[in-house]
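Heads up, the next two complexes both have subunit A, just with different partners, subunit B and then subunit C.
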Partner chain A sequence: MSETAQHSAHHIDVKEFHPRARAAIHNPQIRQNFRKAMDGLMTKRKSAFEGWDLETLRDLGANIRLRALANLPDLLEQLEQKLTENGITVHWATDGDEACEIVRDICLARNAKSVIKGKSMVSEEMELNHYLEEQGIEALESDLGEYIVQLADETPSHIIMPAIHKNTEEISQLLHDKTGTDLSHDVEYLTANARLQLREKFMNADVGVSGVNFAVAETGTLCLVENEGNGRMTTTVPPCHIAVTGIEKVVPNLEDVTALLALLTRSATGQHITTYFNMISGPRKADELDGPEEVHVVLVDNGRSTIYQDDELLDTLRCIRCGACMNHCPVYTRVGGHAYGTTYPGPIGAILMPHMVGLDEGRHLPTASSLCGACGEVCPVKIPIPDLLVRLRQESVDGDTVHPAKVAGHGAKRSTVEAMIWKGWSWMHARPGIYRLGTALGARFRKLQPGKIGGWTQYRTAPKLAAKTLHERMKERSQ
Partner chain B sequence: MVDPIKVYPAKPSKVYFYGTCLVDMFYPDAGMAGIQLLEREGIEVIYPEDQTCCGQPAYTSGYHDEARAVAKAQLGLFPEDWPIVVPSGSCGGMMRKHYPALFKDTADDVKAAEIAGRIWELTDFLVNVCHIKLDDLGEPTTVAMHTSCSARREMGVAEVGPKLLGQLKNVNLVEQVRAEECCGFGGTFAIRHPEISGAMVSEKVDTLVDTGAKEFVTTDCGCLMNIDGYAEKNHKPVTGQHILSFLWERTNGDGGKRS
Partner chain C sequence: MSSRDAILQRLRHRSGGELTAPECDFSVLDRPEWTTAEKLDMFEQTIESVHGEVHRTTESGWIDRLAEILQSRGAQSLLIAKDHEIGQALQSATKGREDLPHLLIYDEPVESWQETLFSEVDAGITSTRGGIAETGSLILWPSVDEPRLMSLVPPIHIAVLKASELYTTFHQAMQSQGWATGMPTNALLISGPSKTADIEQTLAYGVHGPKELIVLVIE
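Then we have the complex of A and B:
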C-alpha cells in the first residue's frame, strides 16, 4: 500500500496520527525518501552558514520578529494604509472559510473561470483549491512540487518542498499517468515538460493567487521568495492578482527583510539567495507594460490573534516558514509530513496546528516529539519550540487551573487514570522516606519485575533494577 | 530560552551530589563512580539523603502541579552554597533550565533560580572545574560515544565527553554518523509513540554498530537504557555503559573491578 494513497487532499482526519505514523514507519520507500532528502537538506544548511556568525544572525532574526510582533496591531494598520495608497485592495478574513469567500467574490466580480496559483501555505490552510473547485472555478498549482502533489490528489508533505515524499521514479510515473509525458528519469526533461503545460495555463488564467513571505508596513510592499519563476508569472501575467497571507507576516521596514531573507533561504534549502525575489508594490500603472490590473491582499487571522494574546504562545508567530525544524526533526524524518494530517507538519505544525484544529483533534501533535531540541537549535528566529511543546502538553491535560481555556480543546487529553498515576507518582516522590522504602523494596524483589512494559519492550529488553539502590549504597558507606 | 553565559566556579572543597532516580534504581554503579571520581579530585561529596527525583517525567508530560510538588521537595536539600553536580544531562537540564520556569510566580521562585545557577553536569564539572587528569590503566579498546540531546543542547556539554575520553591513551574514540541525532528515548515519548521511538533507536544502534566499536558510553541513563536495551533485545554486537563507570573502571587501578 502506498503511504500517500490514504492522504488525498480532502477530509484528512487529524486524529489518526498513530496509524498513519505506523504505516509510514513500515514503508521502506517513504523512510528512504525522507531520510535521503532530510540528510541532504541538513548538509546544505550547514554549509550555507559556514563563515557566518550564525548565533548573532539568529539573534538578529529573533529580534526583528519580536519587534514586529510587539507592534503587530499598529503595523497591520500601517500596512493596510500603505497598501491602499499603492492601489492594492485589502481584505480581512477571520478564518479560512471567510478567506475563501473573499477570493470567490473577487473571482465572481471578474467573471473568472480559472485561477493559477503560486506556492502558498495559507491557501492550503484555507483548502482553497477544493473550495474553488466546488464553485466551478479551476485552480491550478504552478509550483512544480505543488503541481505534482495536486496531480496526485494529495496535500503537501513539507512546507517548502511539497512533493519531497516522492522520488524521481514516482514523479515520473505520476506525470506519465496524468499528463502523458514519457517515462523518464531525466529531471530536466520532466521539468521542461511540466513548464510547457503550465505556461499555457498562465497565459489563459483569469486570476493569479500567491502567498506572501514578508509584508512591509512602511512601504506597503509584498515580498515573495521563489525559485521557479512561477511566483513572478502568477503575480504579473493574469489581469488580477490575489495575495493571501497570515496576519503575522508583517515587518516594519525593508531593512528587516534583508536579514530575514538571508536566514530564510539558508535555513530552508541552504541557498544563499533564491532565483527569484519578487517585490510587489501595486497594480500596473498607466505607463507600464505588464503587471495585473488589480491587486488584492487577503489578511488571514485563522486563530493567530488568539495565539497573540498569550505571552508564551506568541513566540509561535515568529515563524518565517523555512521548514528547517522539519528537516532536522528525527520524528518528521521517520514518519514524513502526511502522517501528521495537518497543513503544517513537523515541529512547527505541532505548536501551530493545535490552535487551528483544537487540542481535542490535534492531541497527539505536542506529544509526537522526544523533546530532543533539534528544532529549537536550528530555528532561525529562535522559537523555543520544545518549551512550547511542553506548554501545549500541559494545556492538553490541564484541569482548568493554570491556563484556563487559552488553547482550543484545552484539557481534552485529560484522562482520570493518567492523572491518578501522576498524582500517585508525585505523592511518592515528594516523600523521601516512602520513596526510599519503595525503591529499596523494588531492588529486593527485582526478580518480580515485569518482563513486559507496554511499547517499551516491543523493541527493547526491560531495564534491570540494581540489587541495591544508590541510596542504600551510600548509607552503607557512611556507617 | 536565552542561555546565560556559563561561568565556572573555582574548584570547591565540597559539592552536593544529586544522583537522579534512574541512577539510584538502575545504575548505582555510575553514581558511585561519579562520587569516587570527585573524591579522587580531593572534593568532599555530600549526598543529601532525602533526594528523590527532579520532577522531569511529570513536567514533560504536562503535569506541572505534580512536577512542582516533587521539585519543591528537592529545593531544601542544598542549604550551603556549594555546587550541585548531576550525573545526567537531562536531570541537570531540568534543574538548571526548567526549575526557574516551573517556580515562576510562586513563593519558591528565588530559591529555584538560585539552585538552578549551582547545577552542573558532572562530566562538565570534572573537566572545566576540577581540570581532571586521567591516567588510563585499561587495555586498548575502541568506543563510540552517544551524547544525550539534553547534554548536548540544554547543558551545552557535547565537547566534554570526547575531551575526557581523549585523555585515555588506550581508548580509541570513534564517531558514528548523525552523532547529534536523538536516540528516541524522550521519557514517556518511548511509551506513547513506540513505533517512532523504535525506528529512532534502531537507526541509532545501526550507526553505532557501523563504527566497529563493541562498546559505547553515554552521559545519560535514559539513552543508555534505550540503546542498550534495543541492542540486547535484537542481539546487536554493541553494549553500553555510563561514561562515569567507564572512566572510573579505566583509571582506578583495580583492573575494572566495580566499586
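Then we have the complex of A and C:
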C-alpha cells in the first residue's frame, strides 16, 4: 500500500548511531541539559524509596509482571471479554501500520478531522501522527513535553520527559517562532500560554488518543498515569477515545496495579504518586453528563509475540516504561536520546528495539553500553538488562553452536576475519604444545607488535606482550 | 486468519514451552495500623509536599471555611453537584448569605455548555470516596451527579474528605472498598494540582487541570 511506503519514509537510520553519538558528545548544551536532568532524577528516585524494602518490592514487581506474561494469551482474552462487557470496542493489530489503519478507520467512521493526543510511546512506535497527517487528519500532542517536541518536528529524547534535551531558552524561542508566545524565561508564563492554546484544541477535537500504563483483565480497566491532566482531558472531552497499548501491558488483577504504580512513579520521577491515576472502565453511560460516547482499545503486537517465544528475551516484556534505566545509564546521559535514533532510547531501547527494527538495522544498540550494570540494578521489575545486552551482542555475531541466534537480522556484525581469529585462538588454546610455542614466539618478537590497533588505540595505548611468558616466569620461580 | 487469532496463536504455541507463574506476595505493601489522627497528619504532610492545601474543619463549619477560601481567591463562580449533600447544603446556605460565589449546578450534558465550563467557571467542589495517607491521594469516583470534568476543568478544585474515610495505603483502600467486584466508568486518584516539569524540570502548576487543589477535611 502506498500510504505504508510513505509512512516508513520518516524513519531515521538507526545504523548511524556512531556519528550521532559523536556529535552529541561534542555538543556542550546537550551534555549539560542531560547531565542536569539525570542527576536530578537519580537523586529523587533514591529519596522516594527511603523507608521501603526496595528489594522485596522489586521482587513483587518482577513476579507480577512474570505472572502476567505466563498467562498472557488467556489474560488478553479475559481483558477483551471484560472490556467488551463494559462497552469498550477491542481491536488487534499485528504491527504499527495495522494499528494506524485501525485508528484511521475509527476516525473516518466518525468523520473526524482532528485528533488530540495524550502521551503514548506505542503511538510513537506506530508513527501515528505522521500517518494521520498524511490522511488529512490533524494530530496534536497535548502533553507539554510532547507538544514542544512536535512543534520542533522532533521525536521524544526520553520516554518520560520528551523535551529534556532542550533548555528553557530553546523552548521559549521555539514557542515564540511557532505559536507567537512572547519570549520569556518564566516557565509559568510559557506553561499558562500552552494551556490556553491547548484548551481550544481539547474542546474542538473529534477524537482523543491515549496510551495505557496497565490494562486490568479482571475488571476491564485501563489505567493511565500522569501529572498534567492532559491525559484526563484527552480521554474525557472528545466524543471518542482510542487507547493504544502493547499486548504486554495486561495484568490479571486490580490489586497488581497498586504495587506496579508504587514502583513506576518512584522509579521514573521520584514521585510517591503522580497527580492523576486515571482508571477507565467504559464509555459514558446514558445518564452521565460527560465522558466519551465511544471507547476503543487497540492491542498492538508489533514484534512482542516474537520476543515472547524465547525464555531469556521474554524478560524484555516485563518493562513498565519508567525510564529509570536511561536516567542511570552513563552512555544515555552523555549522548542523549536522539543519538539512538529509535523510539525507545537508552538501555531498554537497546534490548527492545533490535526486535522491532532487526539486529541488522539495530546492530550498534547492544554495544551502546559499558555493561556497568546500573540499568539492571535500578529496574523496578528486575529485568536483567546487562545479560540481555550480552545476549544480543552474541546474536549480532551469530552466537555459537550452543546458543543458536534467533533474533531477526542476527549475524549482521559477523566478520569472517574475526571469526577465523577466534577459531584459531580456540584451536591454539586446546593444544598445550602449540600454545607454549605461540606465546614464546610472541614474547621473542614483541618488538614487531603494531603500536596502533584501529579504534582500540584511539584513546588508549596498545597492550604489549611481556618479555617472558607466564610459563617461563613460573619455571624460573620454581627453580 | 484475523490479526487477533494470529497473535493469540503465536502466544499459545510458544516455542519456549509453557511458562510457570510465580507467587505474588503483597505483604511488602502492608503498613502498621495507624490511628485516624496519624493518617490525617501523614495525608496532610504528603499532599502539601506536592502543593495541595489542607483545611481541617467540621460538619458545621465547612461552608464558612469554603466561603473564606473562595473569597480570598476572588472566585466568582462555584460548580456544584445537584443532588449530593454537598451541593444541597450549599444551595440552601447560599439563600441566607452573601459571601458565597454564584453557584452553578452541573445538571446538563457538557456539550450544551462546554464553552462556559472551560472559560468562565472559577472553582468546582466535589466529594471524595476517601483518601490515602501514604501518598496523599484523594479517591474520586465521578458519577451522574458529580461528573468527571468537575474536578478537572475549573482552575480551583475543592474536595471534601471525611477524616474517618482515610486509608493508609492504596492497596488497603482498594481491598477495603472491594473495587475488584465492579469499577465505575471512571475512577481517579488525585494527588495535588495539575503540574508539569517538562520545561527544564521546572515545576509549573495548572498546566491542563486545576492550578489549586484544596482539601476540606471534615474531622
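Just so it is clear, the second predicted complex is superposed on the first by the 418 of 479 C-alpha atoms of A that agree within 3 Å, B and C clash if a C-alpha of one lies under 4 Å from a C-alpha of the other, contacts with A are read in each partner's own complex, and residues count from 1 in each chain.
Assume a contact is a pair of C-beta atoms (placed from the backbone, for glycine too) under 8 Å apart; a residue touches a chain by one contact, two chains touch by 3 or more.
Note that the coordinates shown come from a computational prediction; the quantities given were computed from them, not determined experimentally.
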Does subunit B (first) or subunit C (second) touch A:D206, or do both, or does neither? neither
So, A:P384: does it touch subunit B (first), subunit C (second), both, or neither? first
Which holds for A:G442: it touches subunit B only (first), subunit C only (second), both, or neither? first
Quick one: is A:R473 in contact with subunit B, with subunit C, with both, or with neither? Answer first, second, both or neither. first
Could you look at A:E288 and tell me whether it touches subunit B, subunit C, both or neither (first, second, both, neither)? second
Per the contact definition in the header, classify A:E16: touching subunit B only (first), subunit C only (second), both, or neither. neither
Using the touch definition from the top, say if A:D360 reaches subunit B (first), subunit C (second), both or neither. neither
Residues of subunit A touched: more by subunit B or subunit C? C
Subunit B-touching residues of subunit A, taken from the complex the two chains share: 18, 21-22, 25-26, 31, 39, 330-331, 334-335, 367-374, 376-377, 384, 387, 390, 393-398, 401-402, 419, 422-423, 425-426, 428-432, 435-436, 439, 442-443, 453-466, 468-471, 473-475
Of subunit A, residues touching subunit C in the complex: 33, 36-37, 40, 53, 56-57, 60, 63-64, 66-67, 69-73, 76-77, 86, 92-94, 98, 142-145, 148, 161-164, 166-168, 171, 187-188, 190-192, 194-195, 198-199, 202-203, 218-221, 227-230, 232-233, 236-237, 247, 253-256, 258-259, 261-262, 269, 271-285, 287-291, 299, 301, 305-306, 308-311, 314
Report the residues of subunit C in contact with subunit A in the complex, numbered from low to high. 2-4, 6-8, 10-12, 14-16, 19-26, 28-29, 46, 50, 106-110, 114-115, 118, 134-137, 143-144, 147-149, 152, 169-171, 174-175, 179-180, 182-202, 204-210
Subunit A-facing residues of subunit B, complex: 1, 19, 21, 23-29, 31-32, 35, 47, 49-53, 55, 57-67, 69-70, 72-73, 101, 149-150, 152-154, 178, 180-182, 184-202, 225-226, 229-230, 232-234
